[in-house]
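Both of the next two complexes hold chain A, though its partner changes from chain B to chain C.
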Partner chain A sequence: MDDLRKRARELLEIRAVNVVIGYEQGTSGRKRAFFAEKPEDAEKLVFDSTCIQNLASYVTKREIRDKGKIAITATLPVMRSIIQLASEHQVDDNNLLVLGITSESRLIEFSNLAEMETFVHQYQIEIDARHREKLEKLEKMTPAERWKFWIDELTPCFKCYACRAACPMCYCQRCTVDFNQPQWIPVPSHQLGNLEWHIMRAVHLAGRCVDCDACYNACPLGIPLNLLTKKMVEDAKSHFGGYQPVLNGEHLMSTYKPDDKDNFIE
Partner chain B sequence: MIIDKWLISKDSLEKLFNVLKKDSKKIYAPVGRNGKISFRETDRFGEIDTGYIQTAQSSKEVVFPRTEKILDYNKNKDGVSVKGFDPGSIPEVVLWGVRPCDAMGIWKLSAIFNWDFKDEIFNTRLSRVTVVGFSCARADEYCFCTSAGGGPGNTEGSDILLTQLGENGDYLAEILTEKGSAIVTIASELFRENTVLNKEQFLADVPVRFDREELRVKLEKIFESGCWTKQSLRCLGCGACAYVCPTCACFDIQDEAHGGSGMRVRCWDSCGFSLFTLHTSGHNPREVQSQRWRQRIMHKFSYMPDRLSVYGCTGCGRCSRACPADMNMLEHLISIQEAEA
Partner chain C sequence: MADFEPKIVAFVCNWCTYAGADLTGTSRIKYASNVRIVRFPCTGRIDYMLLLKAFAEGADGIMVSGCHPNDCHYTSGNFHARRRWIMFRSLCDFMGIDTRRIKFSWVSAAEGAKWAEIVNTTVASIRELGPYNEYKLLANKPVKEVTNG
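Up next is the complex of A and B:
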């Protein structure tokens, strides 16, 4: 990734950006987020297939935002996240430069988000075969079996909220679970508290989740949370003809039309 | 203090497990699920994982559950009736397969829960736990117990510590407390005379990486250092580190109300959360992640040794393994020693 390092160095040298968000070598062979702020920092930037953390989570983080203009190393899921964030007015086109990385690990710099959107829209969000198989297995279960499956999976959750923290779409300054007057979701990580939290989280991501698996990768207990969000991606496809984040336009789940064929909301 | 040393054969471990089970104790042991090994209640020896370096979660939940009912209340026409903690509800438990760092963690929790207020619930649970520790023959690069005052064969906190004498070998059984002696009493036929003089050669090599006393002194000078911001930039602000930690003991009190009745519960909490120190006024004294990260380090390596005479870290390395952003504790502690004030 010499191209990436070279470009990051240039951007920092000419002060075109204040920080380049990318990956560096972490511990035990892991790759982790890195924030290059000086031209010489760019040498630490790395990229390979083990760079899986969704860096878009950092563009809404206050300490990063405060640094000023940001460049971000972005794989396809990160680009999708940025489009969704932009459509929700969470990132500013003038303040964010995307250093895209194609599936062939080629650097592709976008002059604006619209250009990135055109690139991203060449690809559909597809559930891989391994997960599709798991979803099919879940769908074949009776409601009672499925209920047991989720109770068993969600019971170990101790609500560390790593799933929330790692998700770029969970940018709320104050999450619903953090409200206590009134208390919408029970705080204890007992069965009901866990169920309510995960159902709420999943539903809040309906039509917004870009299927990056950050929540699952972050879970210290290995709970397959991404089966919930992947199921929604599949449902978006079967009920609404698919989902693709767009900069300007209608949100899949939160756009009301007066001529909607369903009238439950009236 | 070691009361006694015995040998127990590898094949006798299952028999020992079954004796303890028959003794009507609940047994919590390392069991795998979704690729992660954690302490779970089990009555099947075959289910226990033995290949782990460290479990994903610590064993603290047996003495400090994630959710603990403190009292039940009921509002009626005469006022409010309260039913407090019932010591009879706490079962006798065996913690099987505990690594020495975790056993030491339980002892550190005890220092916290008996600092000023003597916590009856914690102490009742602790009094009913028997810790069957297993020394470490292997370590990974996240382990730093020897820098945290422990070691791969450390006896502190275990009631009985088993050290395997080489791969597929028998086990040295060090009996450390009366609870440990009680195990030998009920399964005496499984223990035989010890001939091993030195267990050190069978233990993992965990090099000392920093001096915690030096670190403690350094921390007193670097509260305002820029190192906290630098280190915590990639921290996502979740509670994974605190919840897998064997010594993190912060909790939140919640009332779960159903009409006029309900219960009061204490739930794990984490200094990594923005809500942790949020005041009613809206002011938050730790409004950014760097301040929360600093608190985490200060609490464990400065405030706890100052107030409780124990450090709040056992070097188990779980926080580093669990962190989705690779906030590596050992790496950060070493870099703090080099940080400018």
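Up next is the complex of A and C:
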């Protein structure tokens, strides 16, 4: 990604931005987030298919926002996250420059978010075949089997909240689980609290999740918690139509249609 | 389980179902006494976490009820609630929570008889399903000791 390094260097040299958020070589062959603040830092920037962390989760962080102008390396899911964040008034178009990376690893710079939105809207959010198969397999089970599956999966969770930290949409300064009056979700690792936490997370992401899998990638236990958000994506699509983050417009869960269809309300 | 009396928590909106349930009473219609009514300003205020808490505290069934579509006192609270219920119910089902135990309904202030009927059928169906042991078992498990080893 010479283009990316070159452009990042340029931007930092002319002080067009104060920080470029990208990836660098981490340990064990993994890539990790990197914040280039000096022109020479740009040499460290890398990009390949193993750069899976969703960097959009940094743009809402105070430490980063305080730096002023930000440039961010963004793959398609990251761009979607940024659009969703912007529509929730969490990012400032004037302070954010997106260095987009297409699926063919081509650098594409957007002068504003509206331009990026046009690019992003060429692609639909689709659950990939492997995960769709997993969802269908679960849906075919009896409720008792599903219950067992999820209790078994969620029991080891010790609520490190890595899934929350990795998710760009979980930007609340104070999350429901951080409250203790009332204590909605018990602090220790307990099957009930674990179940409640994962339900809460999925419901809060309903209609907002861009299906980037950052939560699953961050989970130290490999809990398939992305299946829950994927299920929400599928449901939102099938019940409420189009599923695409938009800069201007209502979110699926903060709006309604008088003729929304349900089959369970008497 | 002949002597099982289901515990049911009903989350209802102040303007329609609560008034409807009031009408059931003033009309002297008898209905099952298993239901504990919790009054909310609007169905839009009925947080899904409260439903989970009701199960955790030992409810065998839950009823959620409010104004019919287009009748919301706040114009759109029930429409918003409906979207949330659609998603929440589907997620619960996906996680194996027994959604037969959560009864959603629209009951207006004039539908005292409907309220009695819905309570009675819900109580009967929960009675048939038996106590919600799976959830109670989960909720009552002691927290394992935390060790640093």
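Basically, the second predicted complex is superposed on the first by the 255 of 266 C-alpha atoms of A that agree within 3 Å, B and C clash if a C-alpha of one lies under 4 Å from a C-alpha of the other, contacts with A are read in each partner's own complex, and residues count from 1 in each chain.
The definition used in the following text is that a contact is a pair of C-beta atoms (placed from the backbone, for glycine too) under 8 Å apart; a residue touches a chain by one contact, two chains touch by 3 or more.
Predicted model, so just to flag it, every value in this text is computed and none were measured.
Colleague: Contacts for A:Leu76 in the overlay, against chain B (first) and chain C (second): which applies, first, second, both or neither?
Modeller: neither
Colleague: Given the touch rule stated above, what does A:Leu113 touch, chain B (first), chain C (second), both, or neither?
Modeller: Touch partners of A:Leu113: none, neither chain B nor chain C.
Colleague: Does chain B (first) or chain C (second) touch A:Glu196, or do both, or does neither?
Modeller: Touch partner of A:Glu196: chain C, not chain B.
Colleague: Quick check for you: in the superposed arrangement, does A:Val46 touch first (chain B), second (chain C), both or neither?
Modeller: neither
Colleague: Using the touch definition from the top, say if A:Arg30 reaches chain B (first), chain C (second), both or neither.
Modeller: So A:Arg30 only meets chain B here.
Colleague: Identify the partner contact of A:Arg62: answer first if only chain B is touched, second if only chain C is, both if each is, neither if none is.
Modeller: Touch partner of A:Arg62: chain B, not chain C.
Colleague: Determine, under the contact definition given at the top, whether A:Pro186 touches first (chain B), second (chain C), both, or neither.
Modeller: In the superposition, A:Pro186 touches chain B and chain C alike.
Colleague: Give one of first, second, both or neither to describe whether A:Cys212 is in contact with chain B, with chain C, with both, or with none.
Modeller: neither
Colleague: Now for A:Leu99: first (chain B), second (chain C), both, or neither, which partner does it touch?
Modeller: A:Leu99: touches no partner chain.
Colleague: Touching chain B in one complex and chain C in the other: list those residues of chain A.
Modeller: 186, 188-190
Colleague: In their shared complex, at which residues does chain A touch chain B?
Modeller: 26-28, 30, 32-35, 53, 57-58, 61-64, 153, 156, 158-162, 164-166, 174, 178, 183, 186-190, 193, 214, 217-218, 220-224
Colleague: So in the complex, the part of chain B that touches chain A is made up of which residues?
Modeller: Touch list, chain B to chain A: 33-36, 38, 56-57, 66-67, 140-142, 229, 232-234, 236-240, 242-244, 252, 254, 256, 265, 267-268, 270, 273-275, 288-290, 320, 322, 324-326, 328, 331.
Colleague: Can you list the residues on chain A that touch chain C in the complex?
Modeller: Interface residues on chain A, with respect to chain C: 138-139, 143-151, 176, 184, 186, 188-192, 195-196, 198-200, 202-203, 206-207, 228, 231-232, 235-236, 239-240, 252-258, 260, 262, 264-266.
Colleague: For the complex, give me every residue of chain C touching chain A.
Modeller: Counting only chain C, the residues touching chain A are 48-49, 52, 56, 69-70, 76, 79-80, 82-99, 103-106, 118, 134, 138-139, 141, 143-144, 146.
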